[in-house]
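We call the chains A, B, C and D, going by the order they appear; numbering starts again at 1 in every chain.
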Amino acid sequence: MLGEGIIQGLVETARNFFGSYVEKDRLTTVQYPEERLPLPEASRVFPFLLYDGKDPDAGLRCVACQICEKECPPRCIHIEKSKDKKPDFVGKMQVYPAVFDIDVSVCMSCQICVEVCPFDAIRMDKVFELSTDNRFRKLLYTKKELSKPNEYYQKIHPLEAAETDERRAKEAEEAKAKAAAAEAAAKAKAAAAAATPPVGEASGNGAAAPAKLAETKGSPQ
Amino acid sequence: MTPLAGCLLVSSLLFSVGLAGALTRRNAILVLAGIELMLNAANLNFIAFWRFGPHPEFLTGFMFVIFSIAVAAAEAAVGLALILAIYRHARTSDVSEITEMKG
Amino acid sequence: MISARSADQVFVALDHWIVGHVPAPFQTLASIVIAVAMIIVVFAALFALTTVFERKGLGRMQNRYGPNRVGPWGTFQPLADAVKSLTKEDVVPHRADHVVHYLAPLVLVGVVFLSYAVLPVGRNMIAVDLDTGVLYFFAVGAATELAVFMAGWSSHNKYSLLGAMRAIAQMISYEIPLILSSVAVIMIAGTLSTVKIVEEQARYTAGIAHWNVITPWGLAGFILFMIAATAETNRSPFDLPEGESEIIAGYFIEYSGFKFALFFLAEYIEMFAVSGLAITLFLGGWSSPVSFLAWIPSWLWFFGKLLAMIFGFIWVRGTMPRLRMDQLMNFAWKFMLPMTLIVILSAGIWRFLSPAVVGPRPLGGVIRWLVCALVIFAPYILLARKLERGHSMEKRTYRFAE
Amino acid sequence: MGMTVSFLILAILTLAGGVAAMTLRRLVHCALALAVSFAGLAALYVNLGAEFAGLAQLLVYVGAIAILIVFAILLTHSSETELQKVFSPAGIAGALLALAVFAVLAWAVVSSGAAHSAASVAAPQTSMREIGFALMQRYVLPLEVIALMLTAAMIGAVILAVRPTSGSEPAETQAPRNPELRA
């Protein structure tokens, strides 16, 4: 009959209206600044720089290789290399960024910098409340603001961080082993150099080169 | 001047304004508006005569105005419908351009 | 009952007291000024309250909270809105007709406030007791259409002109059922005076008031009146003059800041006015429904009923989608108009089926009620079947809804 | 004695509206001024004690006729065309003629005794009840005739104004004259 559907609709809205005062389920809104939904593990916004240990300057993983600066599609990263060097996590001497700026108003959170970084130095953050009243100063993030400890990374992306840490630990071990081996080799070499005369070395090299050439020719390619 | 004379003067002035408009304006709608103004001036006369006349209790002038308003509504509706029909026909509502029935 | 009586008349007494302190030549002026000021202050405050309650109510109907940030539970939201609309830049289109553009909101608000003059908001609480009260209400309301046209035309924007044309067509179409459904009440009451219509309904038989809404023609007339009133005030589901998705905002697109707020105000004030008239005509005005509750002050009854009506408007807005233009017009001319005429017929039958014709009170009253109800209900069924022919819809299932 | 201030104000408003309606260039302004004039007249009726007539005037003229005129202006696209100059020779001739008519009317009003003899009558007390009885008893025949005429006028207006649907006969006859109309 005419008007029946209208009454059904009115009943439904009335149920919603009065139900909203008794049933919590009828109000699905999350009151954002006070209540927050937990962010999913995979959520990622804006990059940050990782450092190991306590000191952001000493432990910074970035070696100012500038790959991310070149790869960044909107060109929001600005890096200036340092003049001096400091040891990295394996003890190798590396340059470090004297200036590392990211303009977060330009950054589009594409994550390419993270993918190209060979040093696990830059990672995606989970912050998104970056709005500010000063668009010139406060949206340009400097090295100081960008540097965050590895513990923070472990907190926001635990699975990824564990994987990275494991790999890095292995690398460090390998590097150490290599260093030890190199040291041992160097020592052995030094001992050998002390034993054999230098002429024999030169002739040995000359004999090895033709043999290597023949090897490549013989391969099935 | 008595109130009746005042009313009549206002009404005659309004009538003249309506007449001038109906005679001089070339848009058919405004001609109709002028005629409406003249009709209204007449209505004001009726009200004035009813109000200041000898027998207001008979409501004669009053009733005349009521009926006149009804007639004016009908007149406006038909008149504007005519103007619309003519406009659709001749693509103009200028009375001096609608000359097809001129002898 | 002395205290109840004085509580009822407290504002009247206050008015008399203030006017008594004014020098004699200015007493009429003072009483006018007080009445006008009271109407403007009270109903503008009600407007402020309604805006926040409407948004909260709609929110609750749509499973969300609504505004709850400004003040406790968001109740200071109107203040924030007022500050916002007052401090906004007043943009006027370059090619707009500036004078008309400026005048339109003023005319609209002025005209809408004028109609409150004949609404009795309580016993002895009316600005002007006109002998032709109901006619005055409709006559003054007729000028709103012109104001809407002024706004739409002067903006020099095709959407605002379209919106204005829609609004005028809608208002004219629904004015007819609006007036015709109140004709039934006027016929039975035998007067156009709003005060007398209320007094007529404030009589009690066996403790129950003679409200028009408890008669079959009154109930049908009330429903038809409210439908027409919803359309007349351009409220959802008849809000297509301002359909956001089709013509952006209708006739007030080109208004901003304070002028836009005036349009908003006028819309709500008009809604209150029409609700007030519906209360006066059908819901017994300031009278209580049962005689043992008559000690509650009359103005509280009126405003309580007004709030209930406002809730009804919000409820309907939260429920129904917008109509299409052809549906709107068909509904007005093919359903509302015949039904209002039938309501008038039924009211006439009610008038002549007096106890002398149908017999003494209890049984005679029931017979009278049933006969009049049948006169309305049978045509309604026929009309409904005719309108629904060819429009029967199967029950729809939505693939992605569950 | 004489005219009250409110009467004067309303008369000036009405006349100003009328003059503006007849002289303004843009047609929509004319229609709005006309509405002002009508409203002023309604107020004049109320001022003269004819409350019901005044409200009926407001309802019919401002609420219906002014709107009709506005619609007609928009539907005939007259609001966009610039009109003739007001002070054209024909305009001056018409104005002079109207002035002459006014002179005659004013002379008749001022010189007639009737306008002065009926000095001040107390405002007649007309209640809506009396008006209703008069309409239903003494004037019932005119009322019925008016009802019939309004119905006839409504049907006539609809028939005149309705756009002929393509395919029906009027459209066929009109088609050669203005083909763009059917588009």
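Here is the rule we use: a residue touches a chain if its C-beta (ideal position, glycine included) is under 8 Å from a C-beta of that chain, and two chains touch if they have at least 3 such contacts.
This is a predicted model, so every value here is computed, not measured.
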Cα-centroid distance, chain A relative to chain D, in whole angstrom:
82
Quick one: chain A and chain B, Cα centre-to-centre, how many Å?
86
Express in whole angstrom the distance between the two chain centres, defined as the mean CA positions of chain B and chain C.
34
Round to the nearest whole Å and give the separation of the Cα centres of chain A and chain C.
64
Touching two or more other chains - residue numbers and ranges from chain D
52, 56, 64, 71
Touch graph across the chains, line, ring, star, complete or other?
line
Pairs of chains in contact here are A-C, B-D, C-D
Would you mind writing out the residues of chain D in touch with chain B in their complex?
1-4, 7, 11, 14-15, 18-19, 21-23, 27, 30-31, 34, 37-38, 41, 44-45, 48-50, 52-53, 56-57, 60-61, 64-65, 68-69, 71-73, 75-76, 78, 83-84, 86, 88, 90-91, 93-95, 97-99, 101-102, 105-106, 109-110, 114-116, 118-121, 123-124, 126, 130-131, 134-135, 139, 142-143, 146, 149-150, 152-154, 156-158, 160-161, 163, 174, 177-178, 181
Complex contact set, residues of chain C against chain D:
97, 100, 130-132, 135-136, 138-143, 145-146, 149-150, 153, 161, 165, 168, 172, 175, 190-193
The chain B residues in contact with chain D across the complex are 1-10, 12-21, 23-27, 29-30, 32-34, 36-37, 40, 43-44, 47-48, 50-54, 56-57, 59, 62-63, 65-67, 69-78, 80-85, 87-89, 91, 93
Complex contacts: residues of chain C adjacent to chain A
57, 60-65, 315-316, 318-320, 380-381, 383-384, 387-388
Considering the complex alone, what residue numbers of chain D touch chain C?
26, 28-29, 32, 35, 39, 42, 51-52, 55-56, 58-59, 62-64, 66-67, 70-71, 74, 79, 127-129
